[in-house]
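One structure is given below, represented as structure tokens, and several questions about it will come after.
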Amino acid sequence: MRTRAEYIERLGKMNHNLFFNGEKIDRLDERQQGALNVMGLTFDAVWDPASKDLCTATSHITGETINRFNHIHQNAEDLHKKQDMTRMLVNKVGQCIQRCMGIDAANAIHAVSYEAQKSPKAKTAYHDNWLKWLERFQREDLVASCAQTDVKGERLKRPAEQIDPDMYVHVVEERNDGIVVRGCKVHISEASISDEILVVPNRALQKGEEAYALAFAVPSDYEGVKQVVHFHNYRKRDTYERGIEYGYTDSYVIFDDCFIPWERVFLCGEIRHGGIAASLFALFHRHSYSGCKPAMLDYVIGLAALAAEINGIEKTPHVRNMLSELIMTGELGYAAGYTASALGQPQVYMPGMGLVPYGPGSYIPNSIYANVGRCLTGEAVFHEQEILCNIAGGMPATFPYEKDLTNPETKALLEKYLNRNPKIPIEEQIKFWLNFIDFGLSGSTGSVQYGSYHGGGSPIMEQIAITSQYDLESKKDIVRAIAGMEPRAK
Amino acid sequence: MRTRAEYIERLGKMNHNLFFNGEKIDRLDERQQGALNVMGLTFDAVWDPASKDLCTATSHITGETINRFNHIHQNAEDLHKKQDMTRMLVNKVGQCIQRCMGIDAANAIHAVSYEAQKSPKAKTAYHDNWLKWLERFQREDLVASCAQTDVKGERLKRPAEQIDPDMYVHVVEERNDGIVVRGCKVHISEASISDEILVVPNRALQKGEEAYALAFAVPSDYEGVKQVVHFHNYRKRDTYERGIEYGYTDSYVIFDDCFIPWERVFLCGEIRHGGIAASLFALFHRHSYSGCKPAMLDYVIGLAALAAEINGIEKTPHVRNMLSELIMTGELGYAAGYTASALGQPQVYMPGMGLVPYGPGSYIPNSIYANVGRCLTGEAVFHEQEILCNIAGGMPATFPYEKDLTNPETKALLEKYLNRNPKIPIEEQIKFWLNFIDFGLSGSTGSVQYGSYHGGGSPIMEQIAITSQYDLESKKDIVRAIAGMEPRAK
Amino acid sequence: MRTRAEYIERLGKMNHNLFFNGEKIDRLDERQQGALNVMGLTFDAVWDPASKDLCTATSHITGETINRFNHIHQNAEDLHKKQDMTRMLVNKVGQCIQRCMGIDAANAIHAVSYEAQKSPKAKTAYHDNWLKWLERFQREDLVASCAQTDVKGERLKRPAEQIDPDMYVHVVEERNDGIVVRGCKVHISEASISDEILVVPNRALQKGEEAYALAFAVPSDYEGVKQVVHFHNYRKRDTYERGIEYGYTDSYVIFDDCFIPWERVFLCGEIRHGGIAASLFALFHRHSYSGCKPAMLDYVIGLAALAAEINGIEKTPHVRNMLSELIMTGELGYAAGYTASALGQPQVYMPGMGLVPYGPGSYIPNSIYANVGRCLTGEAVFHEQEILCNIAGGMPATFPYEKDLTNPETKALLEKYLNRNPKIPIEEQIKFWLNFIDFGLSGSTGSVQYGSYHGGGSPIMEQIAITSQYDLESKKDIVRAIAGMEPRAK
Amino acid sequence: MRTRAEYIERLGKMNHNLFFNGEKIDRLDERQQGALNVMGLTFDAVWDPASKDLCTATSHITGETINRFNHIHQNAEDLHKKQDMTRMLVNKVGQCIQRCMGIDAANAIHAVSYEAQKSPKAKTAYHDNWLKWLERFQREDLVASCAQTDVKGERLKRPAEQIDPDMYVHVVEERNDGIVVRGCKVHISEASISDEILVVPNRALQKGEEAYALAFAVPSDYEGVKQVVHFHNYRKRDTYERGIEYGYTDSYVIFDDCFIPWERVFLCGEIRHGGIAASLFALFHRHSYSGCKPAMLDYVIGLAALAAEINGIEKTPHVRNMLSELIMTGELGYAAGYTASALGQPQVYMPGMGLVPYGPGSYIPNSIYANVGRCLTGEAVFHEQEILCNIAGGMPATFPYEKDLTNPETKALLEKYLNRNPKIPIEEQIKFWLNFIDFGLSGSTGSVQYGSYHGGGSPIMEQIAITSQYDLESKKDIVRAIAGMEPRAK
């Protein structure tokens, strides 16, 4: 297992394919530091005795101790631990811990490549390729991001119906030694600070869309890969320093006729498995949200409770009521993930067939519970901001700038008039509000909200998953029996 | 274990202390039949091979096989099974299965009497008394209701502040051989069809309220006990018969200077344990709701899905959206209960002390998860009706009467004009709508809603439980660390 | 103008075409009394000096003073007065005043018949026929109900696509002297207590659906008309009498090959005007809701405030908060109607053309404001019940029966234990709760809710009206200008 | 009436009392330009023939034509015009037009100073002073901001209970020639670009709080006044230029023992009128929101509709549904303001007395309607962002930077992959999304939301106004009559 320093060192040696606001930048550019700080926590955790047990696992292929973020879930306990590891680490930074994309994509591809390799028309030994890649991934303790979201062009048209066929990543040429792919994946978190990028399809596919049924891996600085990067950092502070400097990044990952050798291809043409790859990554990722969204709620609850304390209204009924709403959202989200873990099985839902065994025995969380949890916490995002706004009052919207707070002409006056709670030193109150502004009123706020709402699938996607997979007919049977109607014809 | 018939036979022999609309009635009165039919299912279940395993348990005091409704939870598995048994049985009748009051009160008193007996001022050997009562309760397979809700008089005043001290049940006299109690418990489900009534306090108590810290058992036809009964039945149908005739009842249980011998007293004067008895029954009961509310949702989902199917709109996006809302509520409620079971421990939350061991080792569900689940499903009650109304359209509000549907002058015309789906026989459609009306537009609908909303504690009670028990300070710590604030002074 | 007695006397002479639960009944049957009591208020009002001005108008065709319910709106003031008259009368009975169907249909047909008569293919002099009918309607002070809602069969199919063509009322034969119509209109409020029934189409129509573009009037006991009646009454009370005995009724109005002479036909075949007739009646009726829904809210606010007062919690913040929600819904609904009146014009919205002059100059409320108001108040219905449930607590769900409250064995005990507020006599408290139960927990509750939700068009219908009529392009222009985009191509 | 240029020129001559991030800055500093651009629109409007009628008025004191923002409302028509002028001007910039503070404060002080001058203990001729100030204000066409919100210190304590008595602005010394005031007003919009600042109390006052019952005017660069300024501007764009560069500013206005001569004092010590001044400014300002919030909604609707159009989903039912929600909020808000104008009277609500005549005859909007409208639109703020997020999808959260869009290495690729609608030029799509980001995902977004939520009074303040002023007893009377209860004792 690597250290934070080893991880960063390796990134420093990579090719320059990051574009930022008209420049080409290095992976150790200062604007990457916030994100690197966060990812670094996932390396620190395995060396910290307090978190080592939770954050490591035993590889089922090598028997070695590995970072849990590179592990394939072997049982329900592994699912529980992923959820709890995620919540614990997110609690250290109050935002996305950034490494779950890799574990979620790896677990999806692990099962899909296994099933697809059985296909008589398989283009290569998908699962064998995969196991080779996985073994190195675990051994070298790499960071993978997952590229799923296509740009999608006209949104009511399917991939093959688009005027421009490149609106979904697809194979444009098949060669003896590999394939050439073209297209662009967007909103790819941590792609600029990852070692590898795992690519999976974005949606269910049908006949004629074989070129889009595609899963593979590339190094993130690979030839033919261009990343247009977005940063979400906070302005440094001179006086009122944060406890941790954090940020995040995401990329447009453009495959500009990029050549992929067969040994890095895990799926190529099997439309049914392509659709499962899409939904299985989403499922694992929604399960990750059952750790990260409760942790985000922990942070929001802390912000709300401290704001209320500073404002001297922590005990008022309407504040208690809002705190209980936040707690409910977080803990229902956690409970949904917990239940999804406990009821996990090596099986997937297939339309018309229900739950069927799938993959080599690795564990998959229960889809209904993973989806209801993600949907609940996704839909709550903006209402959480409303609660914070309600409790905080207007103060954060017009808070003085840092240098007004230190300017001798204004410092004493501002400290006098900002003070709302004689029991809390004014410096602490100021640090709190500056942090509150970072979360709720900064240039990163909107992006975080959009990510929390749409990431892992917008609420509407979870609703579709829920209603299409739920056994509605058995619920009708309950009514039929009580109403004295005829039993369902079987 | 008894049969349905044995249960009913015993009720037939009881004293007449039921008042209904000015009359005194027998326990086998025809208006009791609906409720008896439902309670009967809990007896049938232990003789049915399909449900026997789920619905029986091994008594931890006698080692005998007993009805699970009379069992003291020995481990998390017992909690899981109670939840699942409840959901399964409620699914047979689409409403409250009515026997959980007994198991929930028994589990609360089991722990409380154990702790209270240790008190140096204990008036009698509470737990020894309890074990004797419990042994008979299990052996004779009795049905117990639980009387908790006091009339409460002026609602912003505490028990001892009321003008009339009888607004909460209390001891009015202590004798050598027992105590005399006075007061009235309201909304007591199934009291008129139960063998025994377990009485517990209604709230946290403080010094000066010792007379209200009271738990005991009485036969439900006991001298000094008067029940004023309310029935919630459906009009019988002549042609379009239901699959099951069901109903329920509740009572004002009046203790009119009722004498209770010491051997039936399980708590008398220990205010701290009185408060715990109140909250512990509520906790067990909210956990029961994690079985019954998902089952009620199963029923509502079935109603909504069938209404949509008959209306030919099952596939429209707005209907799918509403179905997903119902599913989310039900399964989040289930997941909360599941997690509360899995994280159950023999411990309770005490203000200022956090979770502490409590009772003789019997299992208590996690309070936070039990409360967030109950609150979610409680608050959803009226919105569920809105969804049903939205999907059904106006038809149920003006549906023809049964005899118009059979009158030769109108039958053919009505069947012609009621038909909305050529794939479903019109008789089936009619039966469905009549059943829909039973649930959503009958004289029982309001009472069911009020019970679902307030039963086991109104949403506001769960919110208070949640915010008072949640570890808010640890959430503030997360913010303090990220904001660079001083750590909390310990 | 007639008196209540004259109105009832005339009904007593009508033919027997009402079917109720297998019988044929008289229009003065006791089950009709509740509804007659309510309708009677609209006759009393014109003789009461306090309401005479508001409830009468000057006929624009005869110059006579007429009941305002039979008036064609001549200006914005008439629209204001209809709204205020409705609110005032609904406040007398706490529910639908039942006579707005007639005024709303009359105003719609007044404009539509005028425009349709201009059609070169007009089958008869629609508007001349109408004016003749209207003159008698005003002179004889008749009550009209409006039959709009068809049974609709398979709901995703248009009228002409149905397997059974009778799913929407239509012409089955055209004769020299008139037309023969067939079909069934459902949920027709007050049809069994009305003198006349006005029939209008249910939806927008297209080519091939000419037979459904139909408006006419029939006496409500006409040959070929059968009514299957539904009653929504309350059980009489022996001791705790109501201030008014009220109820309502609705009918399945079946046109069983009913012959309509040309002079009673106001539209027959003009599909565009058929669609306008449908939407115009809906518009007038949604405007009526801006009087009746605020009045219903007045009643709900009164119930909530009295429940809170009896429970002693009228001043608690959460109750104030809920009261403010109710007030907001009612007064926003009123304001929407007020603005719709003030901005009323003799014009209608036509797809692709916007607002265009329509009809002979009679006033039509602004459609956007009428729709936003109706939608708001329609969607609030179930939440209002939740608020009442929240404030009332469980008491109404298990309230004792009237005879238990008077039985000497239980009266004193029940009065002792029901008492929650020493400042309010217990008899008053009892009367209040019985009335509360009438509204929220009786066999009529569901029907009232369904009517409030779907009547005048379900919320989804208003949403469709709003988005299809709103000038979205002008809103995009605002963005275009600020964003520096090109102006819209005109 | 002045021009934009004259307005700006005057500001350039003012003393330097603006503090920004440690510096003292000039009023024509570049960071003030965005706000000046917006305020300039209010000057342009009176010279533009298209808006001149709406934006000017005839002074009731001089008979001269004046900018309507400096007018005292003489009738309901004036109130209607203020609402419509506000909506029209906000539509030009998509945000706060910034000059309503002055008109709202002036109208409040106009009435309050009139009544307070009658007080036998009046310290000076309040209304005479006021009229002199007002005459110059109108003649010189000045811009006034209004300073109401005090810092408030410990929020559950009243002004006189605070440890530091300066938490609310108050008189610290009374002299022959005037008064010395101390304290700090926060969130004072446009104070740094205004000519004058009007100061009014922040809350209802009681005996012992006379020093806080204070209204006066100061030039905004007055001796003893320090402003700590906050800017909300957008980064300039190089290529994709906006249609207008806009921004806004607000100040901490600190009165550091500032001397106010009597002739600028309009209230000093009359606690009852102090409370009315507070609530009357709030009322006029909430009425202004009935123009500005619908206009903001117009902008949001435009953003949502264009995002949907670009995404090709403008016709999908769920998008129509969300558009209808936005329209409903905006138009209900407008209708509430319209009704508040139409029912305006020269009267205010006084606790215990109801509506009573107040002031010299100038018009005051109806308080209930002004409050229900403001509350509705205030509570909707965060949900509006959710709707925009839902319709837009993730694109705005990770949108490329401007220079990536013009960098030859990435321009073509990005334009290819950003394109979602072949009917709209890609440059237009880009400009749209950049504008969308300004509104919903920039560093100003949070502040705008907080302002929309809390400005003019948080929703809870409107709820308190609503329930305390609404005639609840008359609603109870409706219930009493129907329930057969005793009439209310009068």
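When the chains are written out, they are named A, B, C and D in that same order, and each has its own residue count from 1.
Here, a residue touches a chain if its C-beta (ideal position, glycine included) is under 8 Å from a C-beta of that chain, and two chains touch if they have at least 3 such contacts.
Given the structure is predicted, the values throughout are model-derived calculations rather than measurements.
Colleague: Counting C-beta pairs in contact, which comes out ahead: A-C or B-C?
Modeller: B-C
Colleague: For A-D, find its twin among B-C, B-D or A-B: the pair where over half of the contact pairs carry the same residue numbers.
Modeller: When the contact pairs of A-D are compared with those in B-C, B-D or A-B, B-C matches.
Colleague: Taking each chain's centre as the mean of its CA atoms, how far is chain B from chain C in angstrom?
Modeller: That pair's centroid distance is 40 Å.
Colleague: Hey, how far is the Cα centre of chain A from the one of chain C, in Å?
Modeller: 51
Colleague: Residues of chain C that contact two or more other chains, please.
Modeller: Correct list: 316, 318, 321.
Colleague: Of all residues in chain D, which touch chain C in the complex?
Modeller: My answer: residues 91-94, 240-244, 246, 298-299, 301-303, 305-306, 309, 320-321, 323-324, 327-328, 331-332, 334-336, 338-340, 342, 368-369, 372-373, 375-376, 425, 428, 431-432, 434-435, 462-464, 466-467, 470, 472, 475-486.
Colleague: List the residues on chain D that touch chain B in their complex, please.
Modeller: Going through chain D, the ones touching chain B are 316-318, 321.
Colleague: If you look only at chain A, which of its residues touch chain D in the complex?
Modeller: So the residues of chain A touching chain D come out as 19-23, 149, 151-156, 163-164, 166-167, 184, 186-187, 226, 228, 230, 250, 252, 254, 256, 311-313, 316, 318, 381-383, 385-386, 389-390, 392-404, 406-407, 409-410, 413-414, 416-422, 437, 440-443, 445-447, 449-451, 453-455, 458-460.
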